[in-house]
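Chain nomenclature is as follows: A, B, C and D, assigned in order of appearance, with residue numbering initiated at 1 for each chain independently.
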Amino acid sequence: MSLTEDKLIQMYTTMVRIREFETKVEEFFAAGKIPGFVHLYIGEEAVATGTCAVLTDKDYITSTHRGHGHLIAKGGDLKRMMAELFGKKTGYCKGKGGSMHIADVDLGILGANGIVGGGGPIANGAALAAQYRGTDQVAVCFFGDGASNQGTTQEAMNLASAWKLPVVFVNENNGYGISCPTCKSMAVADIADRAAAYDMPGVVVDGNDVVAVYEAVAEAVDRARRGDGPSLIECKTYRWRGHFEGDACTYRDEAEVQSWMAKDPIKRLREKLLEQGILTEDKDREIRDAIARELEAAVAFAEESPLPAPEEVLEDVYA
Amino acid sequence: MPTKTYLQAINEALRQEMERDPDVFIMGEDVGPFGGCFGVTKGLYEQFGEKRVKDTPITESAIIGAATGAAAAGLRPVCEIMFVDFIGVALDQLFNQAAKMRYMFGGKAKIPMVLRTPQGAGIGAAAQHSQSLEAWFAHVPGLKVAMPATPYDAKGLLITAIRDDNPVVFLEHKLLYGLEGDVPDEPYTVPFGKAQVHREGTDVTIVATAKMLHTSLEAADVLAKDGMSAEVIDPRTLVPFDTDTIVESVKKTHGLVVVHEAVKHAGFGAEIAAQVAELAFDYLDGPIVRVAAPFTPVPFSPPLEQAYIPGVDDVVTAVKKIRA
Amino acid sequence: MPTKTYLQAINEALRQEMERDPDVFIMGEDVGPFGGCFGVTKGLYEQFGEKRVKDTPITESAIIGAATGAAAAGLRPVCEIMFVDFIGVALDQLFNQAAKMRYMFGGKAKIPMVLRTPQGAGIGAAAQHSQSLEAWFAHVPGLKVAMPATPYDAKGLLITAIRDDNPVVFLEHKLLYGLEGDVPDEPYTVPFGKAQVHREGTDVTIVATAKMLHTSLEAADVLAKDGMSAEVIDPRTLVPFDTDTIVESVKKTHGLVVVHEAVKHAGFGAEIAAQVAELAFDYLDGPIVRVAAPFTPVPFSPPLEQAYIPGVDDVVTAVKKIRA
Amino acid sequence: MSLTEDKLIQMYTTMVRIREFETKVEEFFAAGKIPGFVHLYIGEEAVATGTCAVLTDKDYITSTHRGHGHLIAKGGDLKRMMAELFGKKTGYCKGKGGSMHIADVDLGILGANGIVGGGGPIANGAALAAQYRGTDQVAVCFFGDGASNQGTTQEAMNLASAWKLPVVFVNENNGYGISCPTCKSMAVADIADRAAAYDMPGVVVDGNDVVAVYEAVAEAVDRARRGDGPSLIECKTYRWRGHFEGDACTYRDEAEVQSWMAKDPIKRLREKLLEQGILTEDKDREIRDAIARELEAAVAFAEESPLPAPEEVLEDVYA
């Protein structure tokens, strides 16, 4: 499972793209241009990136309220994402969904989700469709440490395992569900240990190491494609920002935040790639410049796009 | 026309749609070799095998979610919730996920799934196995809600439901499973959003759903003996809802009684009454009366349960109240 | 009288009841040091400690069940569901367990619990964080349902709810949290089942809940300029429901407009309309009109969301429709 | 934890009382005197008996749709139970509940439950009340193999463990959820293995051995009373009858049924007690006669009691 240089650069690029996108969102949210709630993915980029790097466009994911990273990693278009966040008609959901509901069914993205634990049962359904049709598609369910306690998540793992569905449950353990530390919401130390309750493999990986995530997910995806059923991968990571923008984050101490920021997944990969000569400072600048241009274009697109007309409220309820 | 029970009609619709379309499949608790708690899926496992008739664990959220995800991926699942009363553990997957996906995604998803489930009191199954919850589903944009009262409609509405590209909640009444009626052998559809006038009349309009249709038809017989001519209408689907047929009827009869088995308070009968009070007010010559269950859970003991379920007398009394 | 926000009024009710009765305690997600997603429980953890202000895992069934069991065992839990929209994962524990226990057990249990939860659109939180679901709760025998529209009522109704021996669903409107009004410092109760006439009038009765009360009061101002005198009533609780006050008002004004933020179809406004269409029909001189959200999920983008939420104009138009 | 002779005789008596009660119910259901659904406990008597023998009247239990055994073991009154099954006014629930809702809150019985998985969250609540008040009460949640998959059950175990609530989760693994064999509804071999997912002790016991059940539950109850939190005890057992009366039970083969009937928990205890001289044939006859008389009285009471009056439908909704 050795990664090609191209793949590593691709993953690096994706992580930077997520980070920069989120940084823009932070800025425009603060400026009052983005309404509603936004939950930023900064600090957790390696999880979505390492996971989706294993997948093809035909594979499915279900995302969460903290979904921008998943969407970008799965190939989501920054323009339509940004336009959606701005509530514009040209956005992924024509302005109807916003941050918590961005989806691109054509890319297998079955939506961000405003309901904690909402994605597991749906990921199963997509995987069931693959199994039913005999394709080799898989479905990845992203979910948080908080979501791992939700009954729907646990039911989903049970069904996936009982039916040997091609699902990979990717847990993003960032240590908190809003203000509640993981250790207060569950007695178990590792969420991966729950895999045994459903007789599926469960592993813990360093969620800030994109290669480790990639490798663990690749193994689980192989297993799923072979018809051997689901796996649970717990990625230990950390969110740098508050739960949502606007959260003063009084429940975490600064030392903890700093120690995790020191483990920045992007910096880490960057240094490794520079060291190995896979990335150069020039190449890095090039990548960052390209992303900056892409983002500028996305923001311009979002800013210039029209708002939906009020009467559009009535459209798209039924097929 | 051949005679079949309501249950057989549903079973036949499932079978014929599964024969027609390989993307249609069934999931639910004990729907496989057991044939379903009430026997609705009998024989389908034998005909279509385990792949298309899937027994599930007792996890209703996982069932509805699996249907939703599979539908989003292009299949046409028909899932069964053994009793409508169990929906409380799984409503999120239906009302926040399946129902809203299309809208939230800006029209870019299709969720062609059916959730079949029996409702209703009358078998001594008590408070957690006897409810009628159609009002909840009808309040959810994105869902369609069908509620057949006859074997003919059961088959035709179910086929429509399966072919529909939206999530449809298909509410069967467990006391109607044994009811016989004319049901063509070939597949056919009954359109959504088209009420059925079961009996024409001139003095009062009775709108009734599910088992209450039959109660109301009996009441109409009784009223006829007293010289009162009741028109009896079954809306058949609550979403979409055929306002026109009911308004037209009220314009003719000038009176409305609404009958359902669910509790009256915030029941769907209120919606029917409210629509008529807005759209046909000038044609009404007296109050709109609702006949429905009292505001209590469903009791177990037969005399209590019978007191709970609206009866022929209740309908007759209601009509006489406005036609005195 | 001191001025407080709706949010402060709720916070004060919680604090004072916890001071009064050691059996009252709070459970919910992030209700502890964080003070709740909207800040409603701020300061309570500091005052009462971890034992009485309990942060829970994100498992709403477990929260409501823990409240139900603790209430059955004699405590008086007040649990918070962060947004009413999340009830779908946990409704069973509320409607089949907490609400029905007393009846199913033949009157031999008491479940004195309160479930607090915010409803409502207007902050761009989209389809799964903006709903108004009061009609569902009001359809469940065994539950009481309160829906305060003012700071004064928020405090008084919550104290009543906490002292009530039944499960009470207490529906806050998230856009009202910042609303200021007169709120006495001392504890007081507002009775359940007693509507409040907020403005007297002679030409039309407007019944409105939660945020729509304020929209309707504004509409009444507009109507007054056009020489129309609207009486504006807030039912305050949907179960029990004060039919009399509304019927009396309609007997005087001869017209009814019902306003709520939930979707119209099968919404609670239908119940109000239906009751009046039955009990005050002879006093009505025209159709009953409902003003409510359209039959769609709540959209995200501000212009869509504003189009979704019933506004002052909608109420004015509705009144003019029947008073043209 | 050696059991006194009295306690053994008491447990034997309880098991026989359950068996005989259920046999009467079977008879009266067949005769059309008992409306609705009844789910009989025959074959599983050792689980309820061994468990409740550890508890006092102040402890709580939550029961299931298959609840008669739990109720009797916890001290339920046969007269009022039988009257309830007959739908009579003198029944535990005044005829409002029936088999699936019998409760006796004064005895800590928080009700049979028509919702699979409904009891776990409620048992937690009762245990929370004990913890809140600092009493040494515990709550036992009975639940089936099928119920162990339900999200509510899994959420309940997580909360109980996170909060160290004094709960004992007693799983009655009778091999089936209606027609569905346990092995088809979950991939894991032992439900007890799920305890690890919540960091609580999990043990498997022979559910047809009342002493084994007693001992496992006693240890778990001790632990709970000490404030060390919940446990999960899986009792492997079997139901002799169909899922409900009227179920033709075509999904199980006769050999399987026979092999389990050979492991009759009552016969087993009886033989052991006879062997050890704790029970004699005479004493056994005495016990059985007393139970027969008690049941006759219960049936007579049920038969002779009045039905509720129709207008009582409106009572008892609100306190």
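The definition used in the following text is that a residue touches a chain if its C-beta (ideal position, glycine included) is under 8 Å from a C-beta of that chain, and two chains touch if they have at least 3 such contacts.
According to UniProt, the chain labels map to these proteins: A, D = Pyruvate dehydrogenase E1 component subunit alpha; B, C = Pyruvate dehydrogenase E1 component beta subunit.
Predicted model only: the values in this text are computed from it and were never measured.
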- Query: Common contacts of chain A and chain C?
  - Reply: B, D
- Please report how many Å separate the Cα centroid of chain B from that of chain C, as a whole number. 29
- When the centre of a chain is set as the mean of its C-alpha atoms, what distance in Å lies between chain C and chain D? 40
- Note on the structure: Chain centres from averaged Cα atoms put chain A and chain D apart, in whole Å, by 45
- Query: Of all residues in chain A, which are in touch with two or more distinct other chains?
  - Reply: 93, 95-97, 101, 113-115, 149-152, 155, 158, 162, 184-186, 317
- Touching two or more other chains - residues of chain B: 56-57, 59, 61-62, 85-86, 88-89, 92-93, 96, 103-104, 126-128, 141-142, 295-297, 299
- Pick one for the touching-chains graph, please: line, ring, star, complete, other. complete
- Note on the structure: Contacts from chain C onto chain A in the complex sit at residues 29-30, 32-34, 37, 55-59, 61-62, 85-86, 88-89, 123-129, 294-297, 299-304, 306-308
- Query: How about chain A: which of its residues touch chain D in the complex?
  - Reply: 149-152, 154-155, 158, 161-162, 164, 184-189, 193-194, 196-200, 229
- Note on the structure: So, in the complex, the side of chain B touching chain A is made of residues 25, 51, 54, 56-57, 59, 61-62, 64-75, 77, 89, 92-93, 96-97, 101-112, 141-142, 144, 165-166
- Which of the residues in chain A end up touching chain B in this complex? 60, 62, 91-97, 101, 103-106, 110-111, 113-115, 118, 120-130, 132, 139, 151-152, 155-156, 158-159, 162-163, 315-319
- Task: Using the touch definition up top, name the residues of chain B that touch chain C in the complex.
- Result: 61, 85-96, 99-100, 103-104, 126-128, 133, 135-136, 138-139, 141-142, 238-239, 241, 262-263, 265-271, 273-274, 276-279, 281-282, 284, 286-290, 295-297, 299
